[in-house]
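Both complexes below contain subunit A, partnered by subunit B and then by subunit C.
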Partner chain A sequence: MFNRVLRQLLYAAALILAVLVLNFLLIQLAPGDPAQVIAGEMGGANEEVMAAIRQQYGLDKPLLTQLGLYLGRALQGDLGMSYFYNRPVTELILSRLGPTLLLVAAALGFAMIVGTRLGLLAARNPRGLSSAAVTVLALVGYSAPVFWTGLMLVILFAAKIPLFPVAGMIDVVKQGGPLMRALDIAHHLVLPALTLGLVYLAQYSRLTRASMLEVLGADYIRTARAKGVSERRVLNHHAFRNALLPVVTVAGMQFGAIISGAVLVETVFSWPGLGTLAFQSILARDYPTVLGILFFSTLIVIIANLLTDFVSRLLDPRLAGGR
Partner chain B sequence: MVEPVLDIRNLKVDFATRNGVAHVLDDISFTVEPGELLGIVGESGCGKSMTALSILGLIPSPPGKIVGGSINFQGRDLTKLSQAEMRKIRGGDIAMIFQEPMTSLNPVFTCGEQIAEAVRLHQGVSPKAARARAVEMLRAVGIPEPEMRADAYPHQLSGGMRQRVMIAMALSCEPKLLIADEPTTALDVTVQAQIFGLLDDLRRRTGTAIILITHDMGAIAEMADKVAVMYAGRVIERGPADAVLDDPGHPYTRGLLASIPRIDADPDADLPEIPGIVPALTDLGRGCAFEPRCKLAVDRCRLAQPPHFPMSSDHSAACIHLEGRVIPA
Partner chain C sequence: MTFRTGLTRRTLLAGAAALAALSAPLSLAAQEVQTGGTLVLASLQKPRHLNAAVQSGIATAVPAAQIFATLLRYGETFEPEPYLAESWEYSDDAKTLTLKLRSGATFHDGEPITSEDVIWSLGVTKENHPFSTMLEPIESMEAPDPQTVVINLREPHPALLLALSGPLTPILPKHVFDDGQDITSNPKNNLPVGSGPFKVTQFEPGQHIILERHDGFFLEGRPYLDRIVIRQYQDANSGVLAMESGEAQMFPLLDATRLIRRLEGAGTMVVTDQGYAGIGPINWLAFNTKNPALSDVRVRQAIAYAIDRDFVANALHAGLSKPAIEPVVQNSPFFTENVERYDFDLDKANALLAEAGFGEGGQPLTLRIDFIPDNEEQQRAVAEYVKAALAKVGIEVSVRSSPDFPTWAQRIASHDFDMTMDQVFNWGDPVIGVNRTYLCSNIRPGVIWSNTQSYCNEEVDRLLNEAGVEPDLARRQELYAAAFGQITQDAPIHFINEVPYHTVYLQAVQNPPVSIWGTMGPLDEVWLQQ
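And now, the complex of A and B:
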């Protein structure tokens, strides 16, 4: 047990280092010169100013030296200064991390809970109407691009039925205690979480349906029926937990994709998270910030994978190992 | 005359298939008395397991459907009960163990939980009492350290141990009838003997009637009181085990008995076998279903399904060659 955790942490550390190096080198290949962008922000410059900017930000040093310096500082938790915001990248990212994690967790939780339940419903009668409805929903949800779903929801809820706010995370006008604030955030969270979650809800409902239908043919389901277990309990208790295993695995693997999906959703809904920050930093050629965001995404994905592993072990005693 | 626990009369089960209606069970009749062990033998696909599933009301429907006959269990016709009423009987008064112990237990629950679930469903006791009962049952089926094994997951046990868990689960609610569908097929020979011994022992102690579905003619010879031989969805011979084994009336029964490998046989000789395969149930002719494979077949066999001809007061077989045979007094 202890050994396994230690080994996984070592792997994670090696992976993080590799990601840091790769990201740094990759971004150098991207077109655009940060010095020019910075000069542009300042309202134009001549060669001397450009050289001064390059020297100030260490852009005049050889690539490998830049990499070494970057790694050295990164290991101490210093990801550099943002060219664009003029704040330490770590501080900048940490201020945006919360909203993104909230959005991703809400979307994933929504997709998981509603998706698996819909799949269960569809599996109850695989040739019935509810099953067909779930299949259609899954197809639509899966094929509709996130930004399109987002824009459609904005149109629907901004113009037709103004039930939910369509931009931002908090209402600056509203006053009140922490509870009011939490409610306000939850209110703002509905549409972005719905948008981001729908794609995954579609996938999980399909996956759960298929997985349930497979599990329902298993011998142990026949055993459960033979001992007098009701059909409802067969589905919800005996089959569902077994059917969840592949869904959890897939959800864990998709965590990285969900974060990149969050970039689009945050942009559409002006959600003040990592996604909007990533979008703006890329446009501004703000390399330290982009690298910092990539680094944090990696961290999140690694943690998500460790968590998935843990949950799978909880669900399936066969994975827990040992006699 | 003892009142039978189970009295099946003229049971017919049809399956709708792409190639037409298959008469999966055709006119099945037999009885089981309390404490009795009925052996059902026959090749794969002859309807043995389907008979068991029909008794429990578990035939997959659609495509399966009971189209005739009755299954009387303790004075009630099981074919007429609702699903809710059947659930009370399943696992309670009638329990079943299956041929695949490796996959018949749910991998995500402990053995104890799975036994306790059956107890709670049928006896309405507290979780604690159900757990105590589970441990007691594990001990009764000869599992060492039952308290510990109750917390084990199925994958942590061997095949033989898992089948013992299945038996413990089936017997936990003291059923009047236990259906064992090839309970030893997937097990080692030595473990097979243990499981059969366990079943025999439990029957003697608890008086539970057992229907044993098996290929193992040795187990039949040793344990069964009565035998029903099935072929292509019909019972073609039934009677006391001794009588059927010593004086088989149907050519198919004789073939089955001849196919048992003998330890004193000439090692160079081929094993006797019954040529051909079981016919598809969708295109049975009018005549005897065994006729295409039968050495004794004559033209008359193709005309109509032979009825059962008595060979003694309780032994009969469905073969026209038995017509007119003198029944010993």
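And now, the complex of A and C:
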């Protein structure tokens, strides 16, 4: 047990190091540099200002020296200063991490709960009307581009019927206590979480449906039915739990993809998360911030995978013994 | 030009004010103003920090103009008005400017604003601001007393008064910023102590900036608003939806013409194109004059004749953009009608091309056009149109897109282009924003928005330099007219249109920012009708 944890931690560390080095080198391939961007932001600048910017951020040093310096500092937990925002990268990322995790968790939770339930509904009568409805919903949800769904939801539920706010995470004009704030954030969260969740809801409902149909044909289901277990219990207890296994595995694997999917949703809703920060930082050639974000996302994906392992074992204890 | 209800109400208000002035005591007119309230400004800009002394550009300018006072300010015309300085005077040789500061003015931390702070701030700006020509002629500055600032110039510098306004030279508290740290990376730039009508209390990058009324502001009774919130949206669509839902009350610097037309049609909002004379934004087509074919002035002129500005304005910009015909915008005091406009004329274009040995029967001509990415209407659409328009005169154009701004900037700055669409701002005075594009001395590879055309005409240099030190306005206008006449003849750039920046605001917003600096000037006079 201890060995396994140690091995996984070692893998994780090696992975993070590889991600940092690879990305550091990859980002250098993009044309233009931060000085160019900052000059652009300033509406033009002269050579002296640009040289000063390059010197300030050590961009005038050879590439490998820059990489060495960066890794040296990163090992000490210092991810550097953002070139663009002039603040410590760690501070910048931590302030954006919460909103992204909140959005992803809400979207994933919504997609998991509603998606699997819809899949179950569809599996109960595979040729019935409800199954067809779920299939159509899944197809639409999966094929509609996220930013389009997002904009349509905003137009419908924020502009035409002003139920929800258009964008942002909090209403800065309103003041109030922590409870008001939480409610306010929840209020802002609905549309973006729905938008991001719809894609995965589609996938999970399809997956659950297929997986349920397979499980329902299994011997132990027939046995359970023969024993006289109620249909409800057969579905929910015997079948559903086993059918969930592939869904959980896929969800865990997709965690990284969801974070990148969040970029679009965050852009449409001006949600102050990591996605928009990553996007802006790439455009601004803000190397330390981009690398910092990749570092944190690698960390998140590793944690998510560990959690998936854990949940899979809970669902199917045989997996724990298998290794 | 102000659209819809704005026109009538603004005229009515002006009329009412005139009537009030005639028939009633002035206090009555003043009573109309309702104080208090929060103005939410929708913004697409992402400021790096808020210290405009070391960071130019509109993203920092809008909040900085609220946080910091300047010595002078401007209304709707290019006439300087008192702000922190209540009076100013040039010496007879125009080489010394003496300014008297308002007494009793204080920074947001309660410390008095003195001539010492002013001199220190101007020094910091002179040293660090990217627009180095702005204060460059300053030789020395003196503070004979806490209320007097004397600026000695090496030579007359008529652009100075404008440079002392708007977003260009904020007055910083010396006692706060003079702490031995490099001012360009000082963490205090994120939440600076300022001198202007509003103090900044929150700055969340990518989210919002909160500006609260500064009660000790040096103009009695101002600002009228309690709070300004600058909310950042990721794209124009979200900003427009925020306006439609009432989440935001004002959306400045909007140039997406379809969206402007949509808001205009909503009936509850006023749309104006005033407030942009200061930045003077021009959308143009630049030529690399080092390209063998484009080094021939006839080819450049032919291309200019082959492009129909009306098509760009009407078909691509929903009729909202004004034509640009020379290095400055129409609202600039140096605008002249006396230039070659290159109105659409295919016969002239064909004739010039034939003369140069291209076109029908001549050598084939293939050119590439670049454009600034992420700006569909002003850049990509016009570049695509140029391709189609030049095909009609036998020039084959390929459109090269850049994945992002730094890629484009790198290509243009290193002179790796044939033609490119570009957007360049006047910044109020030719010395600040215009000369850089044309001076021979400003051909600097690696620097974006320098003379990347590699254009060089010594006569133009002489005229521009002479105009820069000419204190007499009329004479200055003549010199610039001559320079612009020559530049348009030489056609290193084909001017296409003024960027149709508009400010959209709800009808409740009174005294909207229509000065030459718009929202890059103080919003102390804006108030909300409850």
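The rule we apply is simple: the second predicted complex is superposed on the first by the 310 of 323 C-alpha atoms of A that agree within 3 Å, B and C clash if a C-alpha of one lies under 4 Å from a C-alpha of the other, contacts with A are read in each partner's own complex, and residues count from 1 in each chain.
Following the convention adopted for this analysis, contacts are C-beta pairs under 8 Å (C-beta built on N, C-alpha and C of every residue); 3 or more make two chains touch, one makes a residue touch a chain.
This one's a predicted model, so the numbers in the text were calculated from it and none came from an experiment.
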| item | value |
| --- | --- |
| Partner chain(s) touched by A:Ile155 [first = subunit B, second = subunit C, both, neither] | second |
| Which superposed partner A:Gly228 touches (first subunit B, second subunit C, both, neither) | first |
| Partner touching more residues of subunit A, whether subunit B or subunit C | C |
| Partner chain(s) touched by A:Arg209 [first = subunit B, second = subunit C, both, neither] | neither |
| Partner chain in contact with A:Arg318 - subunit B first, subunit C second, else both or neither | first |
| Partner chain(s) touched by A:Asp219 [first = subunit B, second = subunit C, both, neither] | first |
| Partner chain(s) touched by A:Asn242 [first = subunit B, second = subunit C, both, neither] | first |
| Subunit B/subunit C common contact set on subunit A | none |
| Sites on subunit C touched by subunit A in the complex | 38, 40, 46, 48-49, 55-59, 128, 130-132, 182, 184-185, 187, 189-190, 202, 204-208, 210, 227, 229, 231-235, 237-238, 241-242, 244-247, 404-411, 413, 424-425, 427, 433, 436, 444, 446-450 |
| For the subunit A and subunit B complex, residues of the former touching the latter | 218-220, 222-231, 238, 241-242, 315-318, 323 |
| Residues of subunit B that touch subunit A when the two form their complex | 56, 58, 83, 87-92, 95-96, 98, 100, 103-108, 110, 117-118, 121-122, 153, 155-156, 166, 169-170 |
| Residue ranges of subunit A touching subunit C (in the complex, touch as defined) | 30-33, 36-50, 52, 56, 81, 84-87, 92, 95-96, 151, 154-155, 158-159, 162, 165-169, 172-173, 266-270, 272, 276-277, 280, 282-285 |
